[in-house]
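Dropping a structure here in structure tokens format, bear with me for questions.
Chain naming follows the written order as A, B, C and D, and within any one chain the residues start at number 1.
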Amino acid sequence: MKTLNIGIIGAGRIGNVHAESITYHIPQARVARVSDPVGDSARKLAERFGVPAYSTDYMDIINDPEIDAVLVCTPTPTHADISIAAMKAGKHVFCEKPVHTSLERIRDVAKTAEETGRKLQIGFNRRFDHNHRHVQQLAQDGTLGSIEIIKITSRDPEPPSPEYAASSGGLYIDMMIHDFDMAMFLAGCDVTEVYAMGTSLVDPRIGQAGDVDTAIVTLTFENGALGVIDNSRRAAYGYDQRVEVFGSLGMAADENDGDSTVRVSTAGGVVSDKPQFFFLERYMQSFTDEMKCFIQAITEDSEVPVGIHAGLMSVVLAKAAKKSLDEHRPVKISEIM
Amino acid sequence: MKTLNIGIIGAGRIGNVHAESITYHIPQARVARVSDPVGDSARKLAERFGVPAYSTDYMDIINDPEIDAVLVCTPTPTHADISIAAMKAGKHVFCEKPVHTSLERIRDVAKTAEETGRKLQIGFNRRFDHNHRHVQQLAQDGTLGSIEIIKITSRDPEPPSPEYAASSGGLYIDMMIHDFDMAMFLAGCDVTEVYAMGTSLVDPRIGQAGDVDTAIVTLTFENGALGVIDNSRRAAYGYDQRVEVFGSLGMAADENDGDSTVRVSTAGGVVSDKPQFFFLERYMQSFTDEMKCFIQAITEDSEVPVGIHAGLMSVVLAKAAKKSLDEHRPVKISEIM
Amino acid sequence: MKTLNIGIIGAGRIGNVHAESITYHIPQARVARVSDPVGDSARKLAERFGVPAYSTDYMDIINDPEIDAVLVCTPTPTHADISIAAMKAGKHVFCEKPVHTSLERIRDVAKTAEETGRKLQIGFNRRFDHNHRHVQQLAQDGTLGSIEIIKITSRDPEPPSPEYAASSGGLYIDMMIHDFDMAMFLAGCDVTEVYAMGTSLVDPRIGQAGDVDTAIVTLTFENGALGVIDNSRRAAYGYDQRVEVFGSLGMAADENDGDSTVRVSTAGGVVSDKPQFFFLERYMQSFTDEMKCFIQAITEDSEVPVGIHAGLMSVVLAKAAKKSLDEHRPVKISEIM
Amino acid sequence: MKTLNIGIIGAGRIGNVHAESITYHIPQARVARVSDPVGDSARKLAERFGVPAYSTDYMDIINDPEIDAVLVCTPTPTHADISIAAMKAGKHVFCEKPVHTSLERIRDVAKTAEETGRKLQIGFNRRFDHNHRHVQQLAQDGTLGSIEIIKITSRDPEPPSPEYAASSGGLYIDMMIHDFDMAMFLAGCDVTEVYAMGTSLVDPRIGQAGDVDTAIVTLTFENGALGVIDNSRRAAYGYDQRVEVFGSLGMAADENDGDSTVRVSTAGGVVSDKPQFFFLERYMQSFTDEMKCFIQAITEDSEVPVGIHAGLMSVVLAKAAKKSLDEHRPVKISEIM
């Protein structure tokens, strides 16, 4: 079987993550080209993983007939343009989230995928996490009965700078977007209504910048189930990532991963490991697995596990949450779409 | 020191619970009288715990000058009348929750307590639970820093009959009232706004009776923290009672109590005990401890741990939740009070 | 049904424990007499639990025709004499462990029980502990298959004084006797051979007094299974009481009980409760349950759950362990019996 | 810095494991040659990991002046000869355990290492396991105070064939050798005496072949601490790998790793993941980390973390255990050495 040639557009942190997964864990593919407009980022990635060609212009990748698929790892505003150009050039596309902050542009991407027949996968890596995926399987295989309540806790270890918060589009689209997608993944259906609470308790400068750093959002799902997500930009004990699904036959819930299973018992108490602090430590396996699935969808010509519908709905929910917060009322998804 | 003479009005399940606590665990008090209008309930309680006098008329207790304190364990509509009569007769009062469904009557009770100077404790036993109380202590002693998010899960093992649901006043006042009180107990302050979701997923007849059986309610606290409560009338795995407080310095969360700590590992999996199923099994220690505190407040002339403010605010929140559900919008507490 | 009249001989700590169980939790029985030669111990117990008669002479109990059963809660050297006298006077007997340090005298007690037909139960309360009993049930009901390995950890929170250690008969009979009984309880059969290690690491004065404070003893069971017990006289984190049974189909193991299920997550780690520190806190429920079973064996004329065989074998194992330590070799039980 | 050229001698399972670690996780080294006398094992490994040269004769590796270090992954009887030859040819050596079943030959290997000054690391990978290593750190950094009791549980998921058991040298050297090394690693010192119990409960054919499949071995350490290891060739619930260190200030214990942290609560119970079943799944990270340390010891000219003393002592303990079982008595290590 032919080895797939992958082009990576954007050689930042996430570009390097994908390069590592492909190079070390996916023998069916290899990184054949990498581009990044900034400094020597592309060269560094190329040297680190033995990539034969690199440049500052992503069109070098799109115009290369040997490239089978493209990973779009650039800043959000460019995701849609690059994805569309790549698909039109016949490449399969893996696009990081969010696809775009404009629903219009996301729909353009969807349309191009449909017209070109290219594979298009969106980078919701948490769906591939060993813990969350296990909960989802139990929710979908009937073990839990009909789903009634979904709860997601997602708290970052450390807050971003106020500057980042100001430019990020806000917590709902920058951070909670993962949880919106996770909620629909766990429920197995879309959301119909959102009510958002948000406040700035972590860093007042985030509030001054017009964003929130602590938030609770409730969800109504198409199947009648209820859901709730809580986010904080700072958890003193580490990166807190937990989900719970409650149904007519029972409940499945996961706990955080620690570095070890050791418990230390002294006069001071019984102490276990804190949750892993860094998202790449916590979620590295999920990044590798989403990439394996993308490659497999291409080689086996099967459906991608996370399509453009997820890319669209997660942004819709983020917009609905922002509108709910601004207008202090529940917002129907139909108001946004 | 003189042994306190306690009169129990209402010899149903909860009356028996308190009689057991006093008889076996509180040497400073004894049950001297019991009354119940129904059949021979009073006689049975008297025989079971060696109570010297019983009758069908609660005025026998209120008129007995030897009685120091009265436990009001009757159906909800009579709580206020009996409490007021007892305090006016000079008795200290322990009143089960809810005090009344009318805020007006609750205020009457409060006023009487103030005028007579009698002790008045409300039966929010869960505040005395070993798990929840430990979380509250960590929230209040500064271990968790400033409080930012409070989460409460409360799910009954089995749904009530649709008839009960119809006559209970609804889930928010019948079931979630405990959680409203717990939320304010954990936060150390009142709630300012409520948004309620509710639906009938457990038993359609509950929905037909105009009630909900599955609910999520979000809270805004006076101190700026956010909160969320989820309730279900049925959990297949038992009585699910968990709280979580998240603050600037960390998080405290409890787990359910099981019958043992045993884990069984076989080819089928690693199996632990389910949560205790019956509320009296789960919360018996808390019932005893609330009674100890009530007796202590009398003998030491100190403040009761759960006063009428808690009795009032819990009903206010239940009413706000119902209004929120009906009007599909967040409701400010000031709208209710 | 007639209420059983119980006489308690010995009004020390364990006598009070049993009085509490009977008074508050066993309506089928009442403490009718108590005796203790020391000071006003008997009077204090009588007042505390409303016992109508007390004295310094235990013969007042044995000679009272109204007494149905006797609890022997005196120092070890008197257990056998009092038990024999009581049974000869027609009383059922509950005798604390060890029955005696002489196998001859234990056999005398056994013989008397057989001749008089009286119930005779030995005070191995841990068999009634909610955790250990659950493990035993899983071992005996076939869930674990055929038993292959049994492990018991038993560590006291604080060491005794060197004086106590010197006079106690040594760790194997004073402390590990509980674990020897537990091992046979879990295995469902006797032990055939013992190999003992022991050393003094906790307090050198214990070693100077000729005793050990840290010990590991291995066991061979009649059914071919292997076992190991480890003891320490001091665990910095509390009273450590755990058992594990491993069989052909799986393993059951218990954990210590804490005061709550709360976990606190901060920058310093994830902290859970320490094991309960005091043996009465940890094992109070088991003391009550062993007494319930004793009373039930009398009222229903059924077999006692812990008979004299257990009283004998536990001492045999303690003696075998001591001999093994002294002679630095494995010792067969047949060498002792 | 120059990339180290590694030669792998023996292209079986463990040879492939090391090749994977070096190829994907250790940029400072590369596999330059591989040899295996059997069929096309060497070719397959070479193709799988892009190794430029392979052959059936390990002397091709030893004679290659470009090779810096050799991994000895052959059957046990050849470990010593190959290691000695490689060191004499100037190569650093990583040798799988056991080094040899003859103490004489192990000493020859040690002598060669000393004379040639080559690095020599023994393959006790479990020392690098995230769980066990954390316990060891707490034991060695003083958190636990002075060490008093060490307990190790090590149970395979499935028994070997009786033929394998017969040819393996027996459980003590084939399986428990890892635990002997772990015990000394945790204690931070050697063992002075061993007492071994062993029986065949899992598969009678293993007993007929002269081996045991269920074993408990107690240890006395140089520092006065006591220890115990239990082994079974079959655990119905998976690969059971746990250690516990108890000291004057507390205890550290680890639990097995599962595939996820999910707990499922249904009417049937609360179910968690079983221990990971396959040793490569459970210990892959430790294999990679031991190899990283070996490479680092070469590049930084520092001491290897697991030297020939560990290789010698583990075999000494295995021999002492076998002698103890055969002679049914405790055996001093000095009797073996």
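Basically, a residue touches a chain if its C-beta (ideal position, glycine included) is under 8 Å from a C-beta of that chain, and two chains touch if they have at least 3 such contacts.
None of the values given here were measured: they were computed from a predicted structure.
Visitor: Using the touch definition from the top, list the chains contacting both subunit A and subunit B.
Guide: Touches both subunit A and subunit B: C, D.
Visitor: C-D versus A-C: which has more C-beta pairs touching?
Guide: If we tally the C-beta pairs in contact for A-C and C-D, the bigger total goes to C-D.
Visitor: Report, in degrees rounded to the nearest 5, the angle of the rotation taking subunit A onto subunit D when the C-alpha atoms are fitted.
Guide: So the angle, rounded to a multiple of 5, is 180 degrees.
Visitor: Centroid from C-alpha atoms only, then distance subunit A to subunit D, rounded to Å. What do you get?
Guide: 40
Visitor: Taking each chain's centre as its mean C-alpha position, how far apart are subunit A and subunit C in Å?
Guide: Roughly 58 Å, centre to centre.
Visitor: When the C-alpha atoms of subunit C and subunit D are each averaged to a single point, how far apart are the two points in Å?
Guide: It comes to 42 Å between the two C-alpha centres.
Visitor: Which residues belonging to subunit C are in contact with no fewer than two other chains?
Guide: Subunit C, residues with two or more chain partners: 235-237, 240, 249-251, 263, 265-267.
Visitor: Spell out the part of subunit C that touches subunit A in their complex, as residue ranges.
Guide: Those residues of subunit C that touch subunit A are 235-238, 240, 258, 263, 265-275.
Visitor: Considering the complex alone, what residue numbers of subunit B touch subunit A?
Guide: Interface residues on subunit B, with respect to subunit A: 145-146, 148-149, 151, 153, 155, 195, 197, 199, 201-202, 214-216, 218, 220, 224-228, 230, 232, 234-237, 240, 246, 248-251, 328-330.
Visitor: Within their complex, state which residues of subunit B touch subunit C.
Guide: Against subunit C, the touching part of subunit B is residues 23-25, 130-131, 134-135, 138, 143-144, 249-257, 259-267.
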